[in-house]
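Below you'll find a set of structures to go through.
Both of the next two complexes hold chain A, though its partner changes from chain B to chain C.
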Partner chain A sequence: MSLLEVKDLKTYFYTDAGCGKAVDGVTFSVDKGKVLGIVGESGCGKSVTSLSIMRLVDLTTGKYEGGSILFDGQDILKLPEKEMRKLRGNKISMIFQEPMTSLNPVFTIGYQIEESLMLHKGLDKKAARARAIELLEMVGIPEAGKRVDEYPHQLSGGMRQRVMIAMALAGDPELLIADEPTTALDVTIQAQILELLKELKEKLGMSIIIITHDLGVIAEMADEVAVMYAGEIVEKATTRELFDAPKHPYTIGLMNSIPDVNEEVDRLRTLEGLVPSLYDMPSGCRFAPRCQFACPECEKERIPLKELEGGRQVRCRRCEQ
Partner chain B sequence: MGKYIRKRLLQAIPVIFGITILTFFIMKLAPGGPLTGMISPRTSSESIQRAMEAMGLNKPIIVQYWNWLKELLQGNLGYSTYNGQAVLAQILERLPATLLLTVTAFVLSFVVGIPLGVYSATHKYSKADYGLTVFSFVGISIPSFFFGMGLIYIFALKLGWLPTSGFGSSTFRGEGLALVLHKLKYLIMPAAVMSLSNIATVMRFARSSMIETLNQDYIRTARAKGLSEKVVIYRHALKNSLIPVITIFGQSIPNLFGGAYITEKVFAWPGMGLLGVDAINNRDYQILMGLTLFTAILVLLGNLLADIMYAFVDPRIRY
Partner chain C sequence: MSEVMIDVQNLKKYFPTSNKEKPVKAVDDITFQIFKGETLGVVGESGCGKSTTGRLVLNLIEPTEGTVSFKGQELTHLKRKAMRAMRGEMQIIFQDPYASLDPRKTVFQILAEPYQIHHPEMGRDEIYANVTRLIDCVGLRPEHIYRYPHEFSGGQRQRVGIARAIALNPEFVVCDEPVSALDVSIQAQVINLMQDIKKEFNLTYMFISHDLRIIKHFCDRVMVMYLGNIVEMGTKKAIYEKRRHPYTKALLSAIPNIKSEDHSKRILLTGDIPSPVNPPSGCPFHPRCSYCMDICKKEKPCLRTMADGTQVACHLEMD
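Here is the complex of A and B:
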């Protein structure tokens, strides 16, 4: 059984510019102990998807317009806020892109971890502190017993991301959402953090949704991949299938823009054009304006996500033939 | 922490020295002089000369400063040129009344201003928020003497609830709690006048700072931990949003002492402000110099306190 099932999720934003369909009918599931990668450019709706699962979308402008998110069979979009808070940071936790700014500068890292432990595990101050030190050791922070009393500004970016992970692990989560966990870090630290995430996944048996724009991270981490474009999933496959034979023109474009180390090129290949504005989506295939295979037919109506043999899915007319 | 405070205290010493120089020479630059208030067209030039010698005014200005500073270091602020009394004694006599008024106004500004600002920020664009924004706009714009006279007109003259001015009636014979309540009635209006614009300023700062803080990544982290909105706002956001408000804390101290001149005059409040206004009218240079120096040191101490508070709130400054 799947741990998480997202069905036809729609998260829209209403602003002066109109209705922005940031997430428009997204469906996927994550099995226990598996890693799902969501990949796409900035603004494709991948972060809003993850915030929707946490129910952390800013509701002053945003709205969950439809669909369901089943976690352990329970639709969390229907949960009262109080029940949702019991899941957040507990069964479902999240780490963010910016470790430099994601920790509160005025509290010690120990306090910030203990807070979660006291809230979700009902530990007292002393037990929480002991457990916090344990967690810090688990995420590979040296001298955890000393570091526990330090403030975020005393730690490097990589260390802070480790603290964020320790904090996310406080509730023994079944699902960890990692939103661009390595984007803000330099390359050697990136590899360390990914290694740590993999190791923790094996040890704790949790599922992970990893959100990134970096196909390298996907290749490293994910069992399955969903490629998002302009609020929709355009292709879904196992990581192996996707890298072996990308089907959607957008995925192909993404793959082609990865430079080959064995090949000497003067210019990097890129995808021409820009992501369409959330407020002004093409009525047909959303990728058509940038697609080199597009024909007039593509722009007529929305393209459904079609299942191919072997269970992989693609949203392209061309692949039906 | 202790090291930080010691460092700040040591830094204050040269600043105080600078203040004495400024105080002394600005007073010397002012037109007229201590004698202009005492002489009439019929005063002979010999007696003016004698008076100047007696006061040491015929000596070079540097020597005058040196003499003044020497006395100052021994705790002697000189004697009033108007009534001959010791300046320090007169200031100390007025100090409690002024401190009562300014500290009350100061505490009110923050105790009222911060919660209003936080409420305003967490209820952004609601009717209450708009109402508070209008209130703060009015509070900052209204001149204190006008507001003071308005209050006197309404609450003292028309309604008769509060006394018009002063600090206690000479015929009142109560003791203990009755005395406190009696004095309190005199305090209400001047404290309201002094704190109004400060409340408004603090509120606006607290509001914008809170709104900014609530948009920070670490607030999203706090929410993602499953903390309730109350804990997110009052524990995670409030402490961070107070950092810029402390700047106002430091800045509002000179404003309050400056404002005390006008407010104390309007309400005939027997404090340093009133002493200062009278000293200006009497061309009482010694008192003015004493007051300026005294106020400057109080402001310095206030800023020092603000710096120490910064360090308490923000660990990035402490280390």
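Here is the complex of A and C:
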């Protein structure tokens, strides 16, 4: 059964430049205990999608223009803020892109976790501290009993990211959204964090949405992948299907541009051109200006996301059978 | 062996901390050479001293001990003026193309500056001709020269950074994470560009990156650093195939694999990176090494040269 169902989500920004359709009709679902990966170029709407699920989009310029986000059957977009606050950090948690900005530098890490436990779980001070230490141990912080009283700047980047994960786990979430959880880290620490997330998923039966532009991370973690381009999902498939046979020209270009460690090539294959401006989207296929297969037909009207045999989905005229 | 371009001998860089007795040992006694025309890759965990090494090699910061020579000329105690003359021949490309470009200057101003400083005799027309040649060389369009950095995408900004670095026809360029801030699809464009420029200008590169796939694609030799030390150095082939040092093994096994689902061969390091203020006794890698022996805790291993020329700092028996 689906824990989360996002249907035709539209999150737009209204600025001096006009209306920016950052997320423009995105549909996907995440089953219980499964991992969905979201990949795509910088600015394609990955973070705005996850912020929408958390209902944390900046509403001074942003607006949820349509669609629904069903969590356990309940439409998040219709919840009063008070109800939403109960969900956030509790049943749905998020690890943000930059760990240092989401930890408060003036409080010890223990204090920050305990606060959240007292607020969401109604624990008293003593129980909260014990649980905080337990959480820090769970994410592999050595000497958690001592580290709990340290400040964020006393920890290394990898440890800070673990603390973030511990905080996100404080409310026993059913859904964890991890936005680029390892981008700031180097490979050996990245491997530790991914291993940790996998272990937690197995142990706690959480569902995870993992957002990254690193296809290697996706290959390792995700059951299913959604590839985003310019505010839309352009391809969705199981991770194996996608890596074995990418269909959308953008996905193919993305995969080709990564050097393969087991292969010698003279030059890297590139994906020429730039993503279209948020405020000046092509009216037809948004990838057309960079697509080597583009033909006038492609530029006429928006291309729908079509389901192929076996259930995978592609937004491309060439792939329609 | 071809001509030595950069010769680094027993280089150390200690940064002071509030505790005088305990400086940050960012680079702790390293010796290596870079040969003319090669690309030397530098890899290692965050904080292991890669950027500091790059800056020391260019004499942008002063070493605590040791020497750096460029084409036989020792830089360390060079007079200011003599160093300035040398600057044009040695350049750096930084990680963050935005922070390293002055936001108030147009691309033309940014690229004209090196000529104005180093070639005061050049007239405006000549500078203009040079700048347009540079712009063309890095794949930007002529109309781009009157734009400001913020009007470019990350990949385009990095092209401006590259153009600036090659303005004075340098022989040697340090590239400090030149593509880390860029999207995967843009990374490939910039790497190809750097490769073309290398050929065209017969450059020598020191290429710092934490992306082991890109290092493999781009470099001839690789230097693996750990906590301010060189732990392994050799040809790309030897490093990637032999993986002699336990840290190199762990590092290379941690590259997320796209083509296969088998991650069982991955070596997971436990524990975090130790602090360069308080480095472990003996082998700096010993607290995380699964091969650690008694001697490793007491004695620091020296770099030993293997039959194929690879240098490895480890007490294990190996060939």
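In the analysis below, the second predicted complex is superposed on the first by the 319 of 321 C-alpha atoms of A that agree within 3 Å, B and C clash if a C-alpha of one lies under 4 Å from a C-alpha of the other, contacts with A are read in each partner's own complex, and residues count from 1 in each chain.
By our rule, a residue touches a chain if its C-beta (ideal position, glycine included) is under 8 Å from a C-beta of that chain, and two chains touch if they have at least 3 such contacts.
It should be emphasised that the depicted structure is a prediction, and the values quoted were computed from it without experimental measurement.
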**Prompt:** Following superposition onto chain A, is the placement of chain B relative to chain C best described as a clash or a fit?
**Reply:** fit
**Request:** For A:A144, select first, second, both or neither according to whether it touches chain B, chain C, the two together, or no partner.
**Result:** neither
**Prompt:** When the two structures are overlaid on chain A, which partner does A:A166 contact: first (chain B), second (chain C), both, or neither?
**Reply:** neither
**Fill in**
Geometry row: CA centre of chain A as apex, chain B and chain C as ends, angle in degrees (steps of 10) is 70
**Prompt:** In the superposed arrangement, does A:L135 touch chain B (first), chain C (second), both or neither?
**Reply:** neither
**Message:** So in the superposed three-chain picture, is A:A222 touching just chain B, just chain C, both, or none of them (first/second/both/neither)?
**Reply:** neither
**Prompt:** Regarding the shared-chain residue A:H213, is it in contact with chain B (first), chain C (second), both, or neither?
**Reply:** second
**Message:** Contacts for A:I109 in the overlay, against chain B (first) and chain C (second): which applies, first, second, both or neither?
**Reply:** neither
**Request:** Check whether A:H153 is in contact with chain B, with chain C, with both or with neither, and answer first, second, both or neither.
**Result:** first
**Prompt:** More chain A residues touched by chain B or by chain C?
**Reply:** C
**Prompt:** Looking at the overlay, what does A:M54 touch: chain B (first), chain C (second), both, or neither?
**Reply:** first
**Request:** Note down the smallest distance between any C-alpha of chain B and any C-alpha of chain C in the overlay, whole angstrom.
**Result:** 10
**Item:** Touch list for chain B against partner chain A, complex
**Value:** 216-218, 220-228, 236, 239-240, 313-316, 319
**Item:** Complex contact set, residues of chain A against chain C
**Value:** 41-42, 142, 156-159, 185-192, 194-195, 213-217, 219-220, 240, 243, 253-255, 257-262, 265, 267-272, 274
**Message:** Which stretch or stretches of chain C touch chain A in the complex?
**Reply:** 45-47, 153-155, 183-185, 187-189, 191-192, 195, 210, 212-214, 216-217, 240, 250-251, 254-259, 261, 263, 266, 268-273
**Item:** In the complex, chain A residues that touch chain B
**Value:** 54, 56, 85-90, 93-94, 96, 98, 101-108, 115-116, 119-120, 151, 153-154, 164, 167, 170-171
